[in-house]
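Shown next, in structure tokens, is the structure this report addresses.
So that you can tell them apart, the chains are marked A, B, C, D, E and F in the order they are listed, and the count of residues begins at 1 in each.
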Amino acid sequence: MNADETYERGLELLQQVNGETGQQVIDSLGDVSPALGNQIVSWAYGEMYARENLPPRDRQLVTLGVLTALGGCEPQLEVHIKAALNVGLSPAEVVEALLHAAVYCGMPRSLNATFVAKKVFAERGLLPVTS
Amino acid sequence: MNADETYERGLELLQQVNGETGQQVIDSLGDVSPALGNQIVSWAYGEMYARENLPPRDRQLVTLGVLTALGGCEPQLEVHIKAALNVGLSPAEVVEALLHAAVYCGMPRSLNATFVAKKVFAERGLLPVTS
Amino acid sequence: MNADETYERGLELLQQVNGETGQQVIDSLGDVSPALGNQIVSWAYGEMYARENLPPRDRQLVTLGVLTALGGCEPQLEVHIKAALNVGLSPAEVVEALLHAAVYCGMPRSLNATFVAKKVFAERGLLPVTS
Amino acid sequence: MNADETYERGLELLQQVNGETGQQVIDSLGDVSPALGNQIVSWAYGEMYARENLPPRDRQLVTLGVLTALGGCEPQLEVHIKAALNVGLSPAEVVEALLHAAVYCGMPRSLNATFVAKKVFAERGLLPVTS
Amino acid sequence: MNADETYERGLELLQQVNGETGQQVIDSLGDVSPALGNQIVSWAYGEMYARENLPPRDRQLVTLGVLTALGGCEPQLEVHIKAALNVGLSPAEVVEALLHAAVYCGMPRSLNATFVAKKVFAERGLLPVTS
Amino acid sequence: MNADETYERGLELLQQVNGETGQQVIDSLGDVSPALGNQIVSWAYGEMYARENLPPRDRQLVTLGVLTALGGCEPQLEVHIKAALNVGLSPAEVVEALLHAAVYCGMPRSLNATFVAKKVFAERGLLPVTS
């Protein structure tokens, strides 16, 4: 597979997993760091996400864990909570993952992530979530 | 003590330490993660904060250190700077704690926390603080 | 459910998920912070892990993400990579989760976690892993 | 060199490296933590930045790395991306440094920093950057 | 106060708060970064710790919070848990502060810090601690 | 450039920048996560490090900043302090970069990184460093 094919695979996967939200991030990089946009498409999606050992649903559980723990990644959490829903996690599962994270990275990080989920769920008419 | 009693003790302590700000956080979780709200009341306050080995004023000093170091926890810092004032720390002591933290987690984290303090103090008519 | 029952449920779950490794951590806390040991059993396992919205395999994927991202949690990663195997993740899936995390928290954190996995897999005769 | 001279040297350097943006930060601390403002001027600039072993351009590369990795330091990144331009780094070099950081601290931190750079470059009429 | 006096005040305070452990850190920097050693003495102790708005016991509570939250600072935690004891915190209060931190930065960070405390307390014959 | 050529370019660059230390990391991944080893070679070096907008010396300054700030990356700091020397930074410049980082991420992270530098310099007979 050459560089162009990897890029194409990445673009397709980005579209599939993140919908238009992913494309908007890449677009907004166009005039400041097109190379970062390219690396996200080609590498993060075309190389890494495309690997077969873990299905998208499992990848999103790991990603939710990482982003919640990092903190300060609310924009990326928004993208990846949407992605989590897109690949088959239910709102209740997303919320439970963020609650579970509290044991390991504390209540504040879990709270911040949960309020991002609330925003995403509100936009999609998925509230209330019962837990 | 059964689960209901622990919850009640937590609610009382939350009210005492955080005033209405704490209750607002719990309320805003109601339609997205009531379980997270319950854990904050029952566990964080009813179990942990209620323990006797350290008085509230000391707990808030530790909390200010943790939240400043974590970064990206400005909403929680706002809640806990208010709590710090509620349990007897003076504005000058809060500001000094945040300044002290700079030695261990650097100037940017200390700056971000200090600007949260400024916002809280402004709302309460506690500015200027001299240090 | 009263406090004793929650503790019992936590102990059972800790045993099930973490085997003797979990118990060793609790034991080693006995002379310095038995309260921390109790909170891990009662709250982390008896309250949080015991919740039904997410099965153990999914919880471990989130936990691997959180611990990898935090950094400096090699002892806990060791416990939770063992737990991941105990609840049904394969070595290849664990390794893929840690690789996936690199996109979001960088190569060094992913490397450190992967070397913990190598140690665990070596002890259990699970090397080599092909990926 | 006495305390006043160190302060003066810091103020001069702050002005040189950060222009009015630096002074604004110090001013906004005046009514909440003048001591933090003093420490930034006297210590961060008068003592540390003033040292001779590393020129300002090199210092800003280190600073961009630190602030990107920390996360949640967008206000400080804004100040220091401006500083980076002031001491001779080109927009393309700044953007490349933030891209490079992605290898070590992950895509989300790199993205957040890059969008701060975009804001700074837009204000200064430096877009588009090609990379 | 001139630079020499600040250094002297810092050295005295370092000795008072950290005993010989602090001096050992400074000494071990002598052949690699004497400037870092000097900054710790002059700035961290002579300037910052010497300030009057917060007594040493309170400073150590903040420091324990910051170092626990940062993670990967076990050597500094060792120094500052010893310092905490030196300035009047009891082993039970130290352990409670580290337990309290778990609410805000999670169980793993709290565990790592608690095991450092166990090591310090063992060396000083302060085990068991009851909590 | 196809995938094989990118890998080859990465391997060459890894050898040039990190010497045998880099190759040892890749080798030690061989039986646990060869895919992680491949991504480091192909992507981190073949794609990212190989880019032209920033010379190796500048890249290492950014990397030192990132790794110091992350904390818990002592093994990677060792690799990259060696790399820093390999691409032309002097021991005094490395030490100054780590000292500079203290302003932004605090003394403990700076100390931990400096002691890694001390170990590297000792092995290479580069002590004492004067600063």
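Basically, a contact is a pair of C-beta atoms (placed from the backbone, for glycine too) under 8 Å apart; a residue touches a chain by one contact, two chains touch by 3 or more.
What you are looking at is a predicted structure, and each value in this text was computed from that prediction instead of being measured.
Interface of subunit B with subunit E: the two copies contact each other largely through the same residue positions, with over half of all numbers used appearing on both sides. Should one ask which of D-F and E-F has more C-beta pairs in contact, the pair is D-F. Per-chain Cα centroids separate subunit C from subunit D by 39 Å. Separation between the centroids of subunit B and subunit D, computed from CA atoms only, is 30 Å.
Separating the CA-averaged centres of subunit A and subunit C is a span of 23 Å.
Contacts with at least two other chains are made by residues 35, 39, 43-44, 48, 51, 66-67, 70-72, 76, 95-96, 99, 102-109, 131 of subunit B.
Taken as a graph of touching chains, this assembly is fully connected, with contact between every pair of chains.
Touching subunit E in their complex are the following residues of subunit F: 71-72, 95-96, 98-99, 102, 106-112, 114-115, 117-118, 121, 127-131. Partner subunit E is touched in their complex by these residues of subunit C: 25, 28-36, 39-40, 44, 66-67, 70-73, 75-76. Residues 1-3, 6, 35, 39, 43, 47-48, 51 of subunit F touch subunit A in their complex. Partner subunit B is touched in their complex by these residues of subunit E: 43-44, 48-49, 51, 53-54, 58-59, 61-70, 76, 92-93, 95-97, 99-105, 131. Those residues of subunit C lying in contact with subunit D across their complex are 102-109.
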